[in-house]
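Listed after this line are the structures, all set down as structure tokens.
In the two complexes below, chain A is the common chain; its partner is chain B in one and chain C in the other.
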Partner chain A sequence: MRFVYLDHAATTPTDPEVVKEMLPCFTESFGNPSTLYKIGREAKKAITLARDKVAVAIGAKSEEIIFTSGGTESDNFALKGVAFANEQKGKHIITSSVEHHAVLETCKFLAKNGFEITYLPVDKYGIVDPEDVRKAVTDKTILVSVMQANNEVGTIEPIAETGKIVKEKGIYFHTDAVQAIGAVPVNVNDLNVDLLALSAHKFYGPKGVGALYIRKGTRMMSLINGGHQERRRRAGTENVPGIVGLGKAIELAVSKMEERSKQLTFLRDKLINGILDNIENVRLNGHPEKRLPNNANFSFEFVEGESMLLNLDLVGVAVSSGSACTSDTLEPSHVLSAMKVPIEIAHGSVRFTLGKNTTEEDIDYVLEVLPPIIKKLRQMSPLREGLDLNV
Partner chain B sequence: MYSDKVMDHFQNPRNVGEIENPDGVGTAGNPTCGDIMKLYIKVNDGKIMDAKFQTFGCGAAIATSSMVTEMVKGKTIEEALRISNKAVAEALDGLPPIKMHCSVLAEEALQAAINDYNERLTKKNNE
Partner chain C sequence: MNKRVVVAMSGGVDSSVTVALLKEEGFDVIGITMQIWPEDSKVERFGGCCSIEAAEDARRVANKIDIPHYMLNFRKIFEEKVIDYFCEEYKEGRTPNPCIRCNQLIKFDILLKKARELDADFIATGHYARIEYSEERKRYLLKRGIDEKKDQSYVLYGMTQEQLAHTLMPLGSFTKNQTREMANKIGLSVADKQESQEICFIPDNDYGRFLRERFKNITKQGSIVNKEGKVLGIHQGVIFYTIGQRKGLRISSPRPLYVIDINKEKNEIAVGNNDDLFKKELTADNLNFILFDKLTESIKVKAKIRYLSPKADAVVYPLKDERVKVVFDKPERAVTPGQAVVFYDGDLVVGGGTILEGRLL
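For the complex of A and B:
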């Protein structure tokens, strides 16, 4: 059976070129980068090279890059690091209601520890209005955190504009760029950000490694204390193979971005149009144009997301769903809720995220297998157009 | 995460659809919770002769709906009332803990269908 992987927003396969660069770090240059002898120096050099690659990719200086265990740690570090180092100035943080849980749960933690959090609303496409950010700022605000691109619906936020406002106010600005790297241009100066989180496995790098960009001069507290690694900002022996993989992956992702985005946009639009034209009572979630080139998120009315996901899996198609039944909270997606998608429709959402290896045949296959699945589930469903079972 | 039996009933659900002129119809859940089940029964001489369902919900909701219709067929009303959500889940070789509420849905829909049947019966006897 054909296997079509369309969950690249969850994770991507590691590029063989990346694996090739990583391999010697396990067995040959395996030294601890903090040691003075040859294999230690080799490991140290490998980290330095990787740091330079990450810095070049996002328009930063090498000393502004701190390696972490991934996007979640980077977001935690950015928020807690700024919050606890600047609380004497104020305890107010602004974020959006569509952030990744890595940001939202960290904000919840900070709220429990005496910080006040403002969650900005979004429009029906999931966009945070920069003017709302301006209005939310008080003299106690120390940090604003808005993601660059949404992981569920793919909407791209006007970060540069928001960043300009935040900069004028003299407040720190963090963006979670985990979904943006390799998909859209990411430059810390163009975006006017002080902090930026990224994760290797979202752009064909290995899992378990990421980075946080910290603009020079940003007052930060470190989360992980110990040795002198990462300029004492993140202690612990470095994940050398991971860091090397991250360096190679981001170099490839940025150099191939234009070409890949063009191809992904073509395939994504073929999928979107194919679904909208051939299936009734379906809506596209997220912004029609300002969206990631690889993301197509739909709500199919009268059917539930998990049952679609399982049926697609049975024919070899891997996707994800914002349905409550695929989460452990039984709440439907907070992103769709913030976009005011009606709850019963949010339950029927499915996210398709394409990747560099996705082919036109893959899209044709999905367009062939999906309509009968929706038809079968709708025939089973007691819900119909115009029928209100709540009465 | 799901047992083979759950996947079997999810892939090949038994007794999907509506019964024309049913003797009892019960609905449980609502679309905003993401699960809704409608159960139809046909009763003869106090025995459930046929059962059909329509469900909007996840894999577990569809599988429990299918299983409960299989379990009630041939049972008396009294016997059917004793079918618990646990029994439905056990018949499916278990459900993940987070999905146990789906089996509650099946039990509730069955009880609602039987209540509807009893009400119709009382009404008929009073006429």
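For the complex of A and C:
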């Protein structure tokens, strides 16, 4: 059976070139970067090189990059780090209602610890209006956090514009750029951000490693205390192979971005048009243009997303119904809810996210197997009573 | 292509061996574990047939036997159809059997629908009961499992012909010991797992606490009376009592006292001695028959009034309004409204219903 992986927003396969760079770190240059002898210095050098690569990729200075265990830790670090280091200035934080759970749950935690959180609404495409950010700022606001690109519907937020407003107000600005790296240009100065979270496994790097950009001069509290690693901001012996992999992966991702985006956009649009043309009662979620080149998120009316996922899995197509982190609940996606997609329609949502290895044949295969599945499920669906649907 | 079957996997030894047997028979097997825990439950749940740990066990078994396995969220529907019903029944002074309810409305209904969505021809469970098609009767029959001690046909009497036609219960032809042996032979880590006997959504078996949490402000104290209506003590709310209960009455008496009646209208619990628990007949509704569609004339059966009680000789008479009267040859102890009465003819399940009330005569 053909295997078609279309869940690259959940994770990506590690690029063999990345793996190749990582391998010596496990067995040959295995030293602890904090030691002074040769093999330790080699490890330190590898980390420094990786840090430089990350810095170059996002237009930052090397000393502004802190390695973490991934996107979730980076978001936690950004929010809690700023919140607890600046609470004497005020305890108000602004974020959006479509953030990843790494941000939303951290905000919930902060709310329990005395912070006031404002969750900004979005329009029907999932876009946060920068003017809403301006209006929400009070003299107690210490941090604004808005994602650069949405993991579920792929909508790209006007971060540069929002960043400009936040900067004028003299408040810290964090963006979760986990989905954006390698897909759209990410430059911390163009975006006017003070903090930026990224995760290696979303752009063909290994899992378990990420980074947080912290603009020089940002008052932060550490979450993980211990040794002097990462300038004392994130203690613990460095994940050297992971960090090296992250460095290589981000270098490749940025250098190949244009070429890949073009190809992804072509295939994505083929998928979108193929589905919209061949299946009735389906809507594309997210912005028609301002969206990630690899993301296509649909709501199929009168079907449950879960049923589609299972059926697609059984014919070798891997997709998800929103965020992988929320798949164990039956609540409709908070992103679609915020976009005011009606609950019964949100339940029938499926996210297709393409990757660099996706081929036109893969898309053809999906367009071949999907319509009969939708047709079958609709025939069985209690939701479609009284409706006469061809597909 | 091989016939596809969806197995309801609880993580226990029975459903695990069911998977193994069907896989060996050449079925295209898919495992589904139903998650039924209320999402807001703060307490860590251990044990129980559908707990998080059990789900992990199911996943391990699926990996070992190499079948696709999905965890599906049934929380909301389980809450609505089983837990709410369970609580309402207690509120009415009855003693419900949630397993029967779950089988009727969740496993053999919603799960079966899910299975069909996945193009499965059957669902399968690890119940100790047998399903057979009778050419002569042109019906699917439900028979007790060959392991009489483990027989679970009692909780399956509500199955429709349609459900029976699409359900497999391969363990019905084995004993529990044979199942354990098979599990050991295949190397399933769940082979020696403890049997789960408690109600799956109340793993500590303290249903009183469970109901108390649900009905914080509804439980009302009332009188405990004897047969003559004399007040002997105070009860904590009718929901905490069941017919035949002896413990927790907090009344001193020379002879043991048992709950013999629960009167929800008067908010009274009646107690009496052991002899008062014996009833000669009962009425039941919510009927389902497997041997035929409808009971039109009286029929001699062996009747079982609770999961663990022995079968007793009885005659079932059809009544108006889709009810039946069951008259026992010898009085039965602790006939409990809300429990099921299931009728047998030898190994065959004739049908059954929910007990409305027991009568002395």
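Criterion: the second predicted complex is superposed on the first by the 378 of 391 C-alpha atoms of A that agree within 3 Å, B and C clash if a C-alpha of one lies under 4 Å from a C-alpha of the other, contacts with A are read in each partner's own complex, and residues count from 1 in each chain.
Here is the rule we go by: contacts are C-beta pairs under 8 Å (C-beta built on N, C-alpha and C of every residue); 3 or more make two chains touch, one makes a residue touch a chain.
What you see is a predicted model; the values in this text were computed from it and never measured.
*Asks:* Looking at chain A, which partner touches more of its residues: chain C or chain B?
*Replies:* Chain A has more residues touched by B than by the other partner.
*Asks:* Go through the superposed model and pick first if A:M380 touches only chain B, second if only chain C, both, or neither.
*Replies:* Touch status of A:M380: both partners.
*Asks:* With both complexes superposed on chain A, which partner does A:P332 reach: first (chain B), second (chain C), both or neither?
*Replies:* In the superposed model, A:P332 contacts chain B only, not chain C.
*Asks:* Figure out whether A:N297 sits in contact with chain B (first) or chain C (second), or with both, or with neither.
*Replies:* After superposition on chain A, A:N297 lies in contact with neither partner.
*Asks:* By the touch definition at the top of the document, which applies to A:E344: first (chain B), second (chain C), both, or neither?
*Replies:* In the superposition, A:E344 touches chain B alone.
*Asks:* Go through the superposed model and pick first if A:L310 touches only chain B, second if only chain C, both, or neither.
*Replies:* Both partners, chain B and chain C.
*Asks:* Of the residues on chain A, which ones does chain B touch that chain C also touches?
*Replies:* Comparing the two interfaces on chain A, one with chain B and one with chain C, the shared residues are 306-307, 310, 314, 328, 330, 380.
*Asks:* What part of chain A is in contact with chain B in the complex they form?
*Replies:* Against chain B, chain A makes touches at 302-307, 310, 314, 323-326, 328, 330, 332, 343-344, 347, 379-383, 389-390.
*Asks:* What does chain A use to touch chain C in their complex?
*Replies:* 306-307, 310-311, 313-314, 328-330, 376-377, 380
*Asks:* Would you pull the chain B residues touching chain A in the complex into a rising list?
*Replies:* Residues 7, 10-11, 13, 16, 27, 30-38, 54-62, 98-99, 101.
*Asks:* Which residues of chain C touch chain A in their complex?
*Replies:* Interface residues on the chain C side: 30, 35, 39, 68, 70-73, 75-76, 113-114, 116-119.
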